[in-house]
Amino acid sequence: MKNDPGPTAPVLSVRGLSVRFRMRGGRHIAAVADAHFDLAAGECLALVGESGCGKSVLASALLGLLPGNARTSGSALLDDGTDLLGLGERSLARTVRGRRIGLVPQSPAAHLTPVRTVRAQLEETLRELTGARRPALRPAAEQAAARASFPAGHLDRYPHELSGGLAQRAATALALIGDAPLLLADEPTTGLDRELVERTVDELRRHADGGRALLIITHDLAAAERIADRVAVMYAGRIVELADAERFFGEPGPRHPYARGLLDALPERAFVPIPGMPPELGALPEGCAFAARCGRADDRCSVPPPFDGALACHHGVRADGEEPVHA
Amino acid sequence: MLELTRITAGYDRRDPVVREVSLSLAPGESLGLLGPSGCGKSTLARVAALLHRPYAGTVVLDGEPVRGWRHRAPRAQRTAVGVVFQQPRLSADPRLTLRELIAQPLRATGRRSEVADRVAGLAPAVGLTPELLGRRPHEVSDGQLQRACLARALVLRPRWLICDEMTAMLDASTTAALVAVVESYRRESGAGLLAVGHDRVLLERWCDRTVGWQECSGPGAPQESMSPTG
Amino acid sequence: MAETALGHPLRTTRRIRVIASAGIVAAVLLAVLLVPPLVQLDQQAVDLAARLRPPSWEHPFGTDDVGRDLLLRCVYGLRVSLLVGVVAGLTATVIGTAVGALAAAFGGWTDRVVMRLVDTFSSVPHLLLGIFIVAMFRPGVGPVIVSVALTHWLSTARIVRSEVLSLRSRPFIDAAISGGASRGRVVVRHLLPAVLPQAGLAAVLMVPHAMWHESALSFLGLGLPTHQASLGNLVQTARGSLLAGDWWPTLFPGLFLVIPTLALAGLAGAWRERINPRRRSELML
């Protein structure tokens, strides 16, 4: 079922990525367990799930931004074979962040330096990442702003003088400067109005169409539906379903019972919640983490379902709605 | 009835964020107030919950005109309106366990004898286990904390409920669960609801009727035909 | 990871510092509480035959100009200084917390009048004000405590006021009001518990500060009566012998002032780090 990324290697290839936090008293929390996915150029993958399911931890692991008590295992390879998880802080800062991976932040207002104009921040980043010098700097900054549809007339403003939408574009412009082949957007639409959400994701989509790989992390299913080519659903630290977005949101719909429940909870659909609450990452059950909330649970669920590249469920439905034979 | 008439309110008298807004809500009715963020709808929600004194305009609660806000409002009027805010982290005292958080209004109104019964009744309704009730806000997720905040708003059985972007920070399933809790309380108690938000799809699914911010706020002109009359 | 390599030793040195501070403070408390009842020696015992002896096995800290044992005098001096410091520090914190919380809770013109008063007091150098207050009384422990307490509540009042003001606009206070909480209940149940860690920290930080002020006043001859052993008095009476080259009557009381106050400040620093909101959850879910 894997999407063929074409002749070239995927921009990002994640294999068996796990993140464990060591807590006080020797406890461990498995925030991310055994994540597998590929991401090709020009493709957008949406990683969706409830807050606390581990999706932000996964993003931080890719950028090397985890706190000191975290341990990672597995691999996250870029197209030239660089393993992000094996790099030290120095090489991440020098060669990866901004250059290989552009980060579109969650709250642009906090991401921009409040005391400097947008132009000054763009020029500084240009100097740092591309080595551009005066007098080429000024037109380059204007060009960088234009790429993210940031109006040139607002370049000399300070972040607090910008509306939420413009601040988001300024942050996106900064993320695009290094011409990174991979863009990572961590909850880029939290707290925005629907209209602004749509504008923001449409702009991000444009950058994917321009040939970048885009990993968007969100709990907003409507935003994911609008932007994604493929959807990865995360539950209790594991990716439980990886599917084509059109099939996932349209017909025949998701195969994992949790993903079905999530979609059914939307006000434009059944508006029915999934019973219960997700388990604590520090106290996961032995078997399938969703079994306690699942209407289909039976004794097969006492062992954790393996992820076959598309689904981690003992009784996920097939395209025709029938239960598959594999166990 | 909960009637707000030509309310002007804000944080700077020269530049109020709410200008001449009128709304009215019948008992048992649910009204969705739709507006973009930053338009002043949260301020209006605070005026309606008797938490923010407007510069001008009148609020009539169950036929009784409101004369004071915050502590100046009589306790009976204040507790007739339950309120749930957008950010559960900021609306929970970080030192209290969830059980105490829910029980606070009972203790504040001298009904501590009812604490055990009411909390035991409400917790399962909002989906909180006894184990979660013993935790403090930093030990639970946003969704779990908002469940406790909703229980706190319901614990005094208010006749009116104001939900200010109650689900803006939450995922789809928790949103649907909290809306279901509000609706089952309203069915059983006949309480009226003012739900403030920016998500049209959600509010239209949730409420009997929805009004846009533009429709109920006058541009400062005294006559505004769109204002619902009370 | 790079962060761990950096983070670990930092945490260890901090821990050593906290443990050392706690050890010193514990030793000081034990000495001050246990030595007078257990050691049946008279700190006032004059021995004119043994005047200004340098440190020896018999007198580890040496003797002063009338032959009194300096180790014993230092312990008694520390006892008095600590008493003044703790009582004055606590009094100042209670006054400051009350004034700050009331000003913020009432707001309006109460707040304005109170804070202008605080500003006025702050504009006078507080040592000068302290001197003025002790000068109105006979020398003694009471006037010194009053003087130090009355000049040191101002900063606490400011801190508590701004803390309460920022808390007052939080939605959880709105929720309490909406739940029927009275004004008093909001202050007692929600506002005070939130500022108490800050106020407690201010109190601990105030103790060494107050001890220094006691010493300064005594050194100037305005504090405690000269026969009473306080650290300031000990340094003051030793001034003459220092000029003659006898270093021990100045050095040991000085160390007794510096080391415990630094240890207290170290503990207060660790406390501040504990209550700092920066220390958020280690998980970033």
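Quick notes
Chains here go by letter, A, B and C, matching the order in which they are written, and residues are numbered from 1 within each.
What we mean here is this: a contact is a pair of C-beta atoms (placed from the backbone, for glycine too) under 8 Å apart; a residue touches a chain by one contact, two chains touch by 3 or more.
Fair warning: this is a prediction, and the values are worked out from it, not measured in the lab.
Traced through touching neighbours, the fewest hops from chain B to chain C number 1.
Each chain's centre was taken as the mean of its CA atoms, and the one lying most distant from chain C is A.
Between the CA-based centres of chain B and chain C the separation comes to 47 Å, rounded to the whole angstrom. Measuring from the averaged C-alpha position of chain A to that of chain C gives a distance of 52 Å. Chain A and chain B, compared by their mean Cα positions, are separated by 33 Å. Residue positions of chain B with contacts to 2 or more other chains are 141. Multi-chain contact residues of chain C, defined as those touching 2 or more other chains: 285.
In chain A, 51-52 are the positions where the chain touches two or more neighbouring chains simultaneously. Across the interface of their complex, chain A is touched by residues 36-37, 127, 141-144, 168-177, 179-180, 198-202, 204-206 of chain B. Taken in their complex, chain B has these residues touching chain C: 46, 49-51, 70-71, 75, 78-79, 81-83, 85, 87, 90-93, 95, 104-105, 108-109, 138, 141, 149, 152-153, 155-156. Residues 170-172, 174-183, 185-186, 189-190, 193-194, 281, 285 of chain C are the ones that touch chain B when the two sit in their complex. Against chain B, the residues of chain A that register as touching in their complex are 49-52, 164, 190-195, 219, 221-222, 261-263, 265-268, 271-274, 276-277.
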